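Okay, so here's the structure we're looking at.
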Amino acid sequence: MIVIFGVFLLTLLVITAIAIVRTDNLFVAVMLMGIASLLIAGNFFLLDAADVALTEAAVGAGISTVLFLSALALTSERERAKSSNKVLSLTVVAAAALILIYATFDKPRFGDPQAPVQTHVAPWYLEKTPEYIDIPNVVTAVLGSFRGYDTLGEVFVVFTAGIGVLFLLGSGVPLGSLPREKINEGLRHHLIPRVVGRVLIPFILLFGLYVQFHGEYGPGGGFQAGAIIAAAIILFALLEGERRALSVLPERVLLGLMAFGPLLYGAVGVAGIVLGGNFLDYSVLSSDPVKGQQLGILLIEAGVGVTVTGVLLGIFHAFAARGR
Amino acid sequence: MEILGLYNYWVFAILLMIGFYAVIAKRNLVKKLIGLSLFQAAVFLLYITMGKVDGGTAPIFSGMDNTIFSNPLPQVLILTAIVVGISTTALGLGIVVRLKEEYGSIEEHEIQEIDEQ
Amino acid sequence: MTTLIDILSWVLLTLGGLSVLIGGIGALRMPDLYTRMHAASVTDSIGAILVLGGVMLQAGFSLATIKLIAVLLFLLLTSPTSSNALASAALLAGTRPLEEQAQDDEAQK
Amino acid sequence: MYYAVTIATLVTMGLALIRAVLGPSVYDRVLAVNMFGTKTVLLLSVIAFLYGRPDFLDLALAYALINFIGILAVLEFFRNRALRRSTERDEGA
């Protein structure tokens, strides 16, 4: 039965995707992307990926809509040109789709426990996590410890993307030099959203912290928590105007946060070397190897969370500042 | 159920190609980025689908014995990829915004025309 | 006692599912934006209360119930607010309710 | 019984999607997205119980908290657009 739910959601997803490509109104396309994100998160949940669904929820529901809309506000809302070489592109795409579908017939069936993916390293992770790290969430264990190098790389990619956006867009005109009426006051005159939003923001922040520190026991971790906390502060900026948001978390602090995460992550790795282990080997951080692993994961998750918050907020402010 | 056994992969292929179509056929740069996001979503779907095990549950121990767990590894890869995806999309949007400021347009062929002049 | 709670929760879940469905049909079939909004709010308020209430009865007294109460509270806070924000944005942008439109058409004749 | 509720929610999601694709105005689409969000919250909470893993209610909680931001961003976008149009008109006049 659950398989059929998944099939239904996926069918809706395909319909949404076609609608996204067909519409020439970019605002509508962004709205439909929101729906696609909800559908795909639902699917991830059905496919047993609670952590991934939580990430998609944290990123897709708020932040990506906000970013696309601020880009649309700076560019244009309508697609003007007709598609180029429609027939040719459609032929290429259809041919490639057919080849891909033909290739799927060699794939192991959905959910097959004997598929090569399931037999290679995954059983080892599932078996050894209680022994080496002793935390319930295997995803966090793999993310933080077994594949720590990968995650370090990803954190650097996020950091680089953030730096790139800041280089491209800069931070715009400094707020102090602007005449008063030019400063974006946000939705201050909309009383009801403002009151409700104010009630909500502390809870979102609290939930973000819960996701950050509960990540070893349930779905969660630095990536999700960073996105959720950034979402809370973006909500504040939308409601109270950017100036208030920037006085809470000034740009210098944001830059510091962006750099602090990778530094903390790297420092934990170097600490491993100094204490006589390998890079990113947390076992030596404490006298008890298991405790050391747990401590290491806690620290690097904190680093990840800080970077993601800093980068997403930095990007948001860079786009918002460009509108002035 | 045999027919449904590959449905997720078919949706992956179709979704991937819908995103790809937006990237190659559309001339609006924001639309191309939206297409790229769809493309990304399709890849995420492929990975997560591969990690699913029949009768399994999410790989988070909950004190129950003899439970089958789905594969944690694809989930780790995709979890980080989602956040990386949004930051790179933001970078792309940043480039589009700068192009609009310099060329006054976000349509690919108009930018090319201005360049050729 | 458990049977009673079970029956009660099934009743709540069925009613909730029904109201969600009715609201969905309404949101599709109603003639203009404001009436559609009215239909959609059925699914957000009574539908959510009934469904989550039914699930809560199944969960018994546990952490899950507290989370469900939180979910319900936040839903009841946010969805009317976003409906209100949307309606005011639409009204300010010049979308008018159907009846008013009809009256104007009459007046023009 | 969970199945019945799930099916009802899924069908409603389908109906909301049709509304989002048909439009006709942008507000209808925003309404559909909003409706879709609350339906996802219901779906996730019911499926968490269907799977017997109520600890995954965190997901529903995340959506209940965060969906709001998208709608506010849309509101802000409309407000900005109205402002831009009025300044353009002023400059044109």
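To keep things simple, chains are lettered A, B, C and D as they appear, and every chain counts its residues starting from 1.
Convention: contacts are C-beta pairs under 8 Å (C-beta built on N, C-alpha and C of every residue); 3 or more make two chains touch, one makes a residue touch a chain.
Model, not experiment: these values are computed from the prediction.
Peer 1: For the interfaces A-C and A-D, which has the higher count of C-beta pairs in contact?
Peer 2: More C-beta contacts join the chains of A-D.
Peer 1: Could you please state the distance in Å, as a whole number, between where the Cα atoms of chain A are centred and where those of chain C are centred?
Peer 2: The separation of the two C-alpha centroids amounts to 29 Å.
Peer 1: Taking each chain's centre as its mean C-alpha position, how far apart are chain B and chain C in Å?
Peer 2: 31
Peer 1: Distance between chain A and chain D based on Cα centroids, please, to the nearest Å.
Peer 2: Distance between chain centres, rounded to whole Å: 19 Å.
Peer 1: What is the distance, in whole Å, between the centres of chain A and chain B, each centre taken as the mean of its C-alpha atoms?
Peer 2: Centres of chain A and chain B (C-alpha means) sit 12 Å apart.
Peer 1: Quick one: which residues in chain D touch 2 or more of the other chains?
Peer 2: Expected reply: 13, 30, 32, 53, 55-56, 58, 61, 65, 67-68, 72, 74-75, 79.
Peer 1: Give the residues of chain C touching no fewer than two other chains, as numbers and ranges.
Peer 2: 74, 78, 81-82, 85
Peer 1: Two or more other chains in contact with one residue: find those residues in chain A.
Peer 2: Touching at least two other chains: 50, 63, 72, 190, 193, 196, 200, 203, 218-219, 224.
Peer 1: Between which chains is there touch?
Peer 2: A-B, A-C, A-D, B-D, C-D
Peer 1: Over in the complex, which chain D residues touch chain A? Could you list them?
Peer 2: Residues of chain D touching chain A: 3, 6, 10, 13-14, 17, 20-21, 23, 26, 29-30, 32-33, 36-37, 40, 43-44, 47, 50, 53, 55-56, 58-59, 61-63, 65-70, 72-77, 79-81, 84.
Peer 1: Enumerate the contact residues on chain C facing chain D in the complex.
Peer 2: Listed in rising order, the residues are 9-10, 13-14, 16-18, 20-21, 23-25, 27-28, 33, 36-37, 40, 43-44, 47-48, 51-52, 54-55, 58-59, 62-64, 67-68, 70-71, 74-75, 78-79, 81-83, 85-86, 89-90, 92-93, 95.
Peer 1: Please output the residues of chain D touching chain B within their complex, sorted ascending.
Peer 2: Per the touch definition, chain D meets chain B at residues 51, 53, 55-56.
Peer 1: Please output the residues of chain A touching chain D within their complex, sorted ascending.
Peer 2: Listed in rising order, the residues of chain A that touch chain D are 1-2, 5, 8-9, 12, 15-16, 19, 25, 27-28, 31-32, 34-35, 38-39, 41-42, 45-46, 50, 53-54, 57-58, 61-63, 65-66, 69-70, 72-73, 77, 186-187, 190, 193, 196-197, 200, 203-204, 207, 211, 214, 218-220, 224, 228, 231, 234-235, 238-239, 323.
Peer 1: Any idea which chain B residues touch chain D in the complex?
Peer 2: 57-58, 60, 62
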